[in-house]
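To start, I am sharing the structure in question, which I have written as structure tokens.
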Amino acid sequence: MALILLPLVLSLVAWLLPSAQTRLFGLIASALSLAWSIVAVCYFKPTDHLLVDFGLRFIRFSIDSLGFTMILLTNAVFFLVFLSQFTSNITQEKRFTALALLMQFGLVGVFTTNTILGFYIFWELTLLPIFLILYWFGSFEKPRALLQFFLYTILGSLAMLLAVIGLMHATNQQTYEGLLVADLNALGNTSTLLMGGFLFAFAVKIPLFPFHTWQAETYTKAPTAGTMLLSAIMLKMALFGLLKWVLPIFDGVATDFWRWPIISLGLIGVVYGAIIAIRQRDIKTLFAYASLSHLGLIAAALMLNDFDTNQIAVVQIVNHSIVSIGLFLAAGIIELRLQTRNIEELGGIAKVAPRFAFWFAVLTFVSLSVPFTAGFIGEFFLIKALFSAHALTGFIASTTLVLGAVYMLRAYQAPMFGPTKIAAFADLHWSELIVFAILSVAAIYLGLAPQCLTDFVAQSLTQPTH
Amino acid sequence: MLFLGSGSVIHGMHEEQDIRKMGGLAKIMPITHFTFFIGTMAISGIPFLSGFFSKDEIMAQALHHNPVVYGVLVLAVTMTAIYMFRLYFLTFHGQFRGGEALKSKVHESGLSMTLPLMVLAALSIFGGLLNLPGLFFKNVAHWFDHYLSHGTFGLSAVHNVHLDFNTAMGLMIFASAIAIGVLIWAYLNYVKKGATAKEDSALSTWENLSAQKLYVDELYHLVFVKPLLALSGFAAQVLDIQILRNGVYAIADSILNTANLTRKWQTGFLSSYLFWMVFGLITFVAYYILKLSVWH
Amino acid sequence: MDSIVILFISGLLGLFAGMSKKPVASLFIASFGLIGAGLAAYYRGSYNSPFSSYAAFVPTQGIVIILLCAVTLLALLGGFKRYKNDDEHTGDYFGLILFSLCGAILMAQPGDLMLFFIGLEILSIPIYVLVGIDKGSSTYAEAAVKYFFTGSFASAILLFGIALLYGATGSFQLIEIQSNLAIGIWQSPMAMIGSLFILAGFIFKIGAVPFHFWGPDVYAGASNAVLMYMSTVVKIAGIYGLINVFGQVFRDSYFFWIDLISLLIVISMFYGYITAWKQTNFRRLIAFSSIANAGLMLFALADIHNSNIFLFVGAYALATIALVVINLAVNDDSDALANWEGIAWKNPMIGIALVIALFSLAGIPPFAGFFGKFSLLWSATPHVPYTAILALIASVIGAFVYLRLLILALKRPKVQVRMQLSIEQMIVLLLTSIASIGAIYFI
């Protein structure tokens, strides 16, 4: 219970605190949530389900091992965001701290709720804080780009709302367990339509290929903290929804119908994002398209709905959070110190900031899926799964490795090496250093021992019936 | 190791990379010379050095699966041997061609450079022995293969073939013969005859093509890099921004701009309001008539 | 009935208190009256009422009365800044509003069509007066005249519909009409056209297409304070009356009129939201938003046995009142939207209430607007699925309108000017915000 409500309470406290203490409070609050969830995980048996009930009719909570993994990821992401932004102006703002903690509450709710309507409500609850964070702290000169993001997400959300209502009416169930046993295949085409509603919402959020146009612009203009929150955890809601809710519930006719369309879109995104990333000059835009590429792969592999692949997908989800925090932090550091993100104006940073160069390199390698990092485990097995589905999908998926190397190495090399084009560059602050170190250790640990995560998660993933 | 060696040479030559200006460095840079020689021999596949065994393994596998591949590999191996020995002899033997001024400055590299070279040379000599293809050390044969296949990463799927003794020996002898033959040819050509690298203008067509790296870099640039960059630019600018993003904007705008049309309905005149109310009422009655005709 | 009596008496007292030219006294009397009426509705049946013999005339549910009284109280408090400036008329304002509320209670859930019509007129006539109460202002006069003419026209249509129905069934009692219609008379042209005319009258009251024209002009012409009452209570009473009449009387001809309702929903929502996009005047924007919301309210008719409109109208009223209070606070003289730029920075309470109100109107959880919309769609979707899909698409446009307003209001000004809110405005904003969040417990 406290696990779920703690961020909300802390968010309210943040409003009331004097501004001077905000910076420290954000860090302590997120650390507190993280510590609490770690303790809770230690006392948690993976086969258990923690039930939490506040007496609401449509919202109940049940935490299983997948939920715990995501809570841990969420709390860790928020802690790292607060820590990494410790020196920037944004954490001085009371509004940011409170909104971020509110968003944390929404995310934890998404990952723990046990009812389909609860899932929708928390899904939407995260919109309010991110909207305000983006608007207040981002650099949206015209509200258009921001509105585009919200047009898309709200359109997707409303499709999902219809699907939620339809699903609840059709099955007369609202809990996860109830929906699992409900026979949706009997609904025939209706179940395909309902799943389509969910998939549309997810496709906007992940994002999948034709619905991604909000992404690059939003990422680029958002504050670094906002970009990190968006890509590291908020987009994971969609993958989580796919993994936990939609695929097990719609297993059968509907999934068979949507499998190849979604895999195609995911793989188009893989190639498309990577190709666009190759020539981007803005380092944040580049990473945004890289994100499109990486997440397309996860979404495509998830649609195979294979028990082993789903476990690996969780590893890759965690890995992508690690990578996106690291890379966007690096981009943010460059932007903060040099006021530019254009990699053609950058060069020779490695000479003046060797520590930054080293840690950025580590994260680049993680993102390149070098063996012994989580990225290797994740991408390798996802591509392998796609190969076993069809040789062509496997082939297209594996282009991510080659193209990924091209754009990531460019993104690393151009600013860090080459002729020195920059005046001065302060090396990493201790807070940033700790973030990079934690991320690298986590990525390497997961790369060496992914079993600890996959075994934990496997308990709550449903075995496919076929 | 060869890279390190050439690095050492270049360092000793004061950042001079053109082999036409080198020659006779063996006396000045003995350690570099010796290790480079071993490296060259290893990569060319002179028997009992590491390159010999690894290459032989690959070629044995190739022959087993596809003779054409084997043929190509033989050609490649021969080429490798030729250019490596040419490089070696031109650099370390014959006369120094870099002029007196430079010659006086040329020196052997420091220990920090030569030590790794020596370690690597030692590994080149003995490394190959670790993996003798079942001829000499039957028990430890292919232990490296086994080490790799222990991994979970699906490498065990690469099945190993064991060729019979005669074929294996035949292949090894053939490969050795090529390598040694090239060694002798190169020695005769570059040391005895004193042939040096020609100036650019004196190159024959074939040699010219080779000097320009067979235009492979350019070909790569033309076939892969340029289209990829063009595609990237196209995808980013045209597809992503102009078609997809602006398409979304255009849809949104066209919906919202209908407001210009709809707001005209609200004229501000009471008479028009009353007119439209009557119109609405007539619509209701029309709806009734329509509905009845549908029902009946 | 007790509630109506209490309201009437406190309205009268308010009129007398107005003579003292002490606005606060009038406010207290009106507030006590409203709270008393609400309490009387809440405890109805648990005490011996002196008016129990009249109880059958006012079958309105306690919860609806409480909702109407609460919304009116918020509207009075929120508009008090405006009313007290006009201290000569404060008592008149409050008296008229309370009388009008009596009519709203009468018409919200009638048992008798005649009584219903009287309630409707009691509701409407004070509002005609309220809109034009400032005799010196030509915009007020224009709005009042427009409202009066269109309103009388709509009343005539409604009355005509009632007459047709009476002709078909021979009764004004809803129960009797229903039982008469049920035996087959509902298929007679008289009953059918009568039902359509009654529908037209109601649609005028709640302000949906095609009888929405008075809305934007009257809203823009009326003062903020009157707008708070007019845009909420009239709509709530109207939609409850519509549900009651149609749900009780025209239940058998459901498949006759439901397509028309679907059509009106879709047109109202698209027209309202799209037109709201280009408005430069705050009250006109609210007017078009209210047209769209009226369309949404019509969803309650899709499932007449189980219509759950309470949360939706409650959420709509809370959000609208909060917005108009803010407009009154920052923007009383001019009505230009441009003045909204950066107002969230003037006072934290404004900022919070504004964000909550706009997100609530846009239907984004966890605010009341979402739960209202959800409970409406929850019962309506199985009956009119395609209308629901179109309505949700229109909602996206609506979200656009509200978010644009939000973006405007949240824009950080270069020079930050603090602004003090009066105590009753603080109370209203606080209450609307808390209620909008607390709605989660009602679902």
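By written order: A, B and C. Residues from 1 in each chain.
The working rule: a residue touches a chain if its C-beta (ideal position, glycine included) is under 8 Å from a C-beta of that chain, and two chains touch if they have at least 3 such contacts.
Small disclaimer: the values here were computed from a predicted structure and weren't measured.
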Legend entry - Core chain by centroid distance, with centroids computed from Cα atoms only: A
Inset, instruction - Pick out whichever of the two, B-C or A-B, is joined by more C-beta pairs in contact. - result: B-C
Inset, instruction - Would you kindly tell me how far, in whole Å, the mean C-alpha position of chain C lies from that of chain A? - result: 43
Legend entry - Distance between the centres, which are taken as Cα means, of chain B and chain A, whole angstrom: 33
Legend entry - Separation of chain B from chain C, taking each centre as the mean of its C-alpha atoms, in whole Å: 73
Inset, instruction - Please set out, as single numbers or ranges, the residues of chain A touching at least two other chains. - result: 151
Inset, instruction - Give the residues of chain B that touch two or more other chains, as numbers and ranges in rising order. - result: 252
Inset, instruction - Name the residues of chain C that each touch 2 or more other chains. - result: 400
Legend entry - Touch list for chain A against partner chain C, complex: 56-59, 117, 120-122, 124-125, 127-128, 131-132, 135-136, 143, 146-147, 150-151, 154-155, 158-159, 161-162, 165-166, 168-169
Legend entry - Partner chain C, residues of chain B touching it in the complex: 252, 255-256, 258-260, 262-263, 265-266, 268, 270, 272-274, 276-277, 279-281, 283-285, 287-288, 291
Legend entry - In the complex, chain C residues that touch chain B: 145-146, 149-150, 153-154, 157, 189, 192-193, 196-197, 199-200, 204, 210-211, 213-214, 216-217, 256, 259-260, 271, 274-279, 397, 400
Inset, instruction - Report the residues of chain B in contact with chain A in the complex, numbered from low to high. - result: 153-154, 228-229, 231-233, 235-236, 239-240, 244-245, 248-249, 252
Legend entry - In the complex with chain B, residue positions of chain A that touch it: 144, 148, 151-152, 210, 212-213, 216-217, 272, 275-280, 380, 384, 406
